[in-house]
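The chains carry the letters A, B, C and D, assigned in the order they are written, with residues numbered from 1 in each.
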Amino acid sequence: MTPWTRKLRMGMIGGGQGAFIGGVHRMAAAVDGQIELVAGCFSRDFENTKKTGAELYLDPARCYRSYEEMAEAEAKLPADTRIDFVSIVTPNKAHFGPAKAFLEAGFHVVCDKPMTYSLDEAKQLEQIVQKTGLVFALTHNYTGYPMVREARELFQSGAMGTVRKVLVEYVQEFLAAPLEKEGMKQAVWRTDPAQSGVGGTIGDIGTHAANLLEYITSDPIAEICAEKSTFLPGRVLDEDVNVLLRLKSGGKGMLAACQVAIGEENALRIKIYGSEGALMWEQENPNYLMVARMGEPLRRHTRGSGFASKPAQDVTRLPSGHPEGFIEAFATIYMEAAAAIRAFIDGTPMKSSEYRFPTVHDGVRGLEFITKAVESSDAGASWVKLAP
Amino acid sequence: MTPWTRKLRMGMIGGGQGAFIGGVHRMAAAVDGQIELVAGCFSRDFENTKKTGAELYLDPARCYRSYEEMAEAEAKLPADTRIDFVSIVTPNKAHFGPAKAFLEAGFHVVCDKPMTYSLDEAKQLEQIVQKTGLVFALTHNYTGYPMVREARELFQSGAMGTVRKVLVEYVQEFLAAPLEKEGMKQAVWRTDPAQSGVGGTIGDIGTHAANLLEYITSDPIAEICAEKSTFLPGRVLDEDVNVLLRLKSGGKGMLAACQVAIGEENALRIKIYGSEGALMWEQENPNYLMVARMGEPLRRHTRGSGFASKPAQDVTRLPSGHPEGFIEAFATIYMEAAAAIRAFIDGTPMKSSEYRFPTVHDGVRGLEFITKAVESSDAGASWVKLAP
Amino acid sequence: MTPWTRKLRMGMIGGGQGAFIGGVHRMAAAVDGQIELVAGCFSRDFENTKKTGAELYLDPARCYRSYEEMAEAEAKLPADTRIDFVSIVTPNKAHFGPAKAFLEAGFHVVCDKPMTYSLDEAKQLEQIVQKTGLVFALTHNYTGYPMVREARELFQSGAMGTVRKVLVEYVQEFLAAPLEKEGMKQAVWRTDPAQSGVGGTIGDIGTHAANLLEYITSDPIAEICAEKSTFLPGRVLDEDVNVLLRLKSGGKGMLAACQVAIGEENALRIKIYGSEGALMWEQENPNYLMVARMGEPLRRHTRGSGFASKPAQDVTRLPSGHPEGFIEAFATIYMEAAAAIRAFIDGTPMKSSEYRFPTVHDGVRGLEFITKAVESSDAGASWVKLAP
Amino acid sequence: MTPWTRKLRMGMIGGGQGAFIGGVHRMAAAVDGQIELVAGCFSRDFENTKKTGAELYLDPARCYRSYEEMAEAEAKLPADTRIDFVSIVTPNKAHFGPAKAFLEAGFHVVCDKPMTYSLDEAKQLEQIVQKTGLVFALTHNYTGYPMVREARELFQSGAMGTVRKVLVEYVQEFLAAPLEKEGMKQAVWRTDPAQSGVGGTIGDIGTHAANLLEYITSDPIAEICAEKSTFLPGRVLDEDVNVLLRLKSGGKGMLAACQVAIGEENALRIKIYGSEGALMWEQENPNYLMVARMGEPLRRHTRGSGFASKPAQDVTRLPSGHPEGFIEAFATIYMEAAAAIRAFIDGTPMKSSEYRFPTVHDGVRGLEFITKAVESSDAGASWVKLAP
């Protein structure tokens, strides 16, 4: 049985009862029928792990007390039984440990973002991935939307010219009330520097915005001037950040992220003005990409239409007008990681340059962004350079 | 092992290579991790079935030559192996046969719409379902959207008053070119009365529009005056229909369906004006429901928000701003059918009045609508009464 | 002094204190600086007329007790003093009298819609206009929007092909509460058949919808099947109407008008699907026209852009992105009527086929529509033919 | 005759053939029927002035060779003949001279923005206005939109709490092509520092964005960090600017202005997130204001509705759904200036704190913003304080 004639076997770290993103990863992994969940350590609390495993119809023998135990035990299972890869969906602080453990045990990894707790961890992880040659996919899930692929294609083909200006914003109401005081698990760890790292909103959503910009334009952020703010009493991490951007190409931009923006749900919006054309995309209405060319009517590119580009079509499941959403975009990262993993197993690994999903390098870049944004803000919002 | 502690086992009729809706059913069944596909007869062409089965990682022994063979063989398998239900995703002409066969073999059924080829078949099927007491879910999938549930709740609670006027339209470009001449499978059977029945667009999408209206308002269409049209040369079935509506409550309305509407993708839109308030919803942007009350600002209800109603929350997977789409709405029908099937297996069957998913009765109603719309149009677009 | 080197002089019938549309006509006439208001009979109540005249800085000598007096007196004034035309902005019942009087006294006329109280009056008026050869403009003001001109051009040029289906709706909340019982002047006369005629909503807004459809497509409504409804107790005129349409070309359509539609402000919306393309326009967001062609991205045509058609540019005052609104569209009717009046005075009258503004023929057509819609509805919503 | 029983008489400086904004001022002054244009010096070229005057039906005797001549001549005319105020619609460089001349000759002034060529001129002008006590209105016309008044009221009433974050952007395609090389008059002077001053886009549209933010929130911009850019070869003034903002209240924000943004027409958009609620408004769709409160559905406030605030109603001409546009908003500045001028003439001058229209103080503030933004950018985009 080749890796192409069976489902891939997934394990999961994190995502126990009370968590949010773990369930999303499971739906994303399940929807295309290519992956089955067979093992997990869903919580530090083994009772939670057992209950979660039961809810997910797992074999209790493959519900583990710790990720270390799991990596070790799975590695000892027969090749036709053990997991092919692990999905890490814990808070930031708990990404590096399992990622290192599973990679070193020979397993491929899908990891939530930001990739690690610190830039230093990120660089270590990058070395481990390079050394092992295993597949590592980072779930900057917004890159999975077909219309984001369309946008990227429009820049890669040259149709948009070079970037003049980018306006990217990611705003949420999520933390406008002090939910962490009510024990809301998502808010507790996100507002705790011991679990999140030096960035609050910068890391949680600011990195998505920065990644999206670079993913679409292939034009790296070269310098930033960032100001972070905290409004609710008692909080220590940033809830809000405004960033001036200088791109490598000479283009300029602004990035705003805020988690105390009343009325906003999950509003990641990007407008990119190039020398030949411009694009506008909004995550909350993701099936459309507005495309402008000078002196012409604005055009609405739609997911699933006959005129969509090949890279967009490649990650499209349904015809136009049948909206795909967040789960499908997320699933695309899994689908593409699965293809890379299968190629690896099959002895014909892809080059990382062939990956369309975000990689460990994007993860390092995210930590670079967080670290430098905090550094800039702490210096009174002055300019700092990002490592190339 | 109870039906609650294992995944349900699904078989599928139809959905082989070249089909569209079968894949949607499979993704919908998979996403929530509650159902596994284990058997199928995907095509009249056994080669296609075998290939499709292989692509879906099925046991070749459970890929069948015909639905009759499959119903018989599955019924003989041990209780812990055989399918729990079958999903029927063939063209209209081929719904009744397998539905009857599997119901009579003791299997629950999920069936695509319109339910049957003719009203007579629909009524026979209704009797079989009633006699067997088995679960029968009809995939009027648009009823699975959380904001459709919100809309229904706003009418059921009385907040919108009684219906004054409904404007519902379902328009597509899909058949604006003669795709059936190019052999496009979806177009071939939809334009062929031998496979579709007496209604073309009326049946394919008109029934969705009629069902949505009745699902939200619980106010049955009592009389209709319908005019169907065919524009492309060589076609015999309607591509377009306009219908005046009289509702049981005394409310009035209009229903438009068209599959030669250039520029439209899958635009099912409904506006319902009641005596106390009004609702507007669009399938292509399904996460929002606009709600009006006299003299007040229009409000945007959103899926996944804290203020959504319980019926909407019950079928919501993600927080607001993380768009759910077509697959998730479709999955809700499967999720609810699965709960009904599990309750049945567990010996505590639900009453059909407890079902929130569309049932065999909705299926009969759909064929009644098709039949009477064609009758009305054939009589020069004169008024006809629908059976209550 | 030629008619081209001075402002035109306007008189007004109706539009006294408490009225609505008179003020709109005055703003529309004023904005382009081509017309000055110099005389009026604003009300049957002479005190109201005098007060209104004073507010408008008119010479008290030219505020008249009755339209008859005004027509007679103005006709006796010197040619360089007397009005060039009169604007009639009274309720429907009071259109015919002054229109006839002023035409017969040699004055051009701008008249609000529906043109008259009855179809018979409309036909009489048509004959008077033809006999006198004077300019008669009917303020179906929505035809003055640049993007409506763009739409018309797209049909006249053949770019959209022939009409397949039209969906036009005009819905308002305006009469959802019984405002006439509170003495609200606009509601009082609109709900009173003695002032409005046989049509309520059909006449007040239904005629706008029908006119817009014919204006854009040049494809006359040939047959209708209409159902009118009244929901609020005590009302006698229709508040709501649904109409099936057969166009001369063979195209089909639906027209909905409703003034008890909670949540709707002044929502005139039209979608026209042709054999080569399709258009969507909404009056509440009038600076945009969505244009579709088969298999291509939807395009947003905008008022004032470089790519707008000449007929749209001809009636555009501001660059794109600087929204023009209701008053400007209304003003376009005045601007075009003024050009026709000046040409007449100058001895080089335009042919009525050169008029882009709605004329007395459109007025007859409007009354034909009202009369036949009521006739159809009274016959149980059966089909009736419209005079060609 | 009191100033309340006659139209006000306006003179105009600038706005000859080939100009754009002069025509807008004339339409804005005309639409409400309160002001008549009676004199002008429309161009440095007297032939142009004479032609323009003729087109506007002016007395040739009141078409002047220079603003100096006009100020002097008009001052000598009888009180019941001479202009009441002058409207200055020239390029920036030519604002100060006429403003000073007419104020010193005793005339009120309406002036386009930015108010002057330099901050120094602005401060001088402020002193002249204060000394003379005359009315000076600055046409930051976007403040005239009813929904901007609604927004301001929502902040002034405390309903939105204190500002946390502002995102304001003003983007246009206007200068994306080198139109100044084709002699397009609007582009020529805007790209010429000798006529525009130190700011290009910053002054032309950046000041509108800054003014709008301060007008709505009453929360002054205290510090800025600005980066300006120029992309097209041969240009010297900025075409683009990105600005980080610190507000006096402690709120933060970003302001983007760009005139080389392909696909954008005249997109002034503002989102203000406060501690109690949030607002979103877009100039291109100005009749709506989206209002958010924590945990509640987004509400659409509409111009002309029964639920609009009094300050919004005060500047509303039409019921909701009948869109008002750019000219009407502009006209509101004239209408309010006219009321102030009449009160002055009548001997009961308003206090400047009662003015709702932008004043000479806003003009100084605009030049402060331009000057400091350029200073910040020239210092490598570092922080500078604005005068309070």
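What we mean here is this: a residue touches a chain if its C-beta (ideal position, glycine included) is under 8 Å from a C-beta of that chain, and two chains touch if they have at least 3 such contacts.
Fair warning: this is a prediction, and the values are worked out from it, not measured in the lab.
K.L.:
Which chain is most remote from chain C in terms of Cα centres?
P.N.:
A
K.L.:
Between C-D and B-D, which chain pair is linked by the larger number of C-beta contacts?
P.N.:
When the contacts at C-D and B-D are counted, C-D has more.
K.L.:
What whole-number Å value describes the gap between the mean CA coordinates of chain A and chain D?
P.N.:
44
K.L.:
Could you put a whole-Å number on the gap between the CA centroids of chain C and chain D?
P.N.:
Here chain C and chain D have centroids separated by 34 Å.
K.L.:
On a C-alpha centroid basis, what's the spacing between chain B and chain D, in Å?
P.N.:
56
K.L.:
Where does chain C touch two or more other chains at once, residue-wise?
P.N.:
Residues 264, 291, 295, 298, 302, 305.
K.L.:
Show which residues of chain A lie in contact with chain D when the two form their complex.
P.N.:
Against chain D, chain A makes touches at 164-165, 167, 169, 171, 173, 176-177, 225, 227, 229, 231, 240, 242, 244-246, 252-254, 256, 258, 260-264, 271, 273-278, 280, 290-295, 298, 380-383.
K.L.:
Report the residues of chain B in contact with chain D in the complex, numbered from low to high.
P.N.:
Going through chain B, the ones touching chain D are 291, 295-302, 305-307.
K.L.:
For the complex, give me every residue of chain C touching chain D.
P.N.:
Touching chain D from chain C are residues 5-7, 20, 23-24, 26-27, 30-33, 37, 54, 56-57, 172, 264-267, 283-287, 302, 304-305, 317-328.
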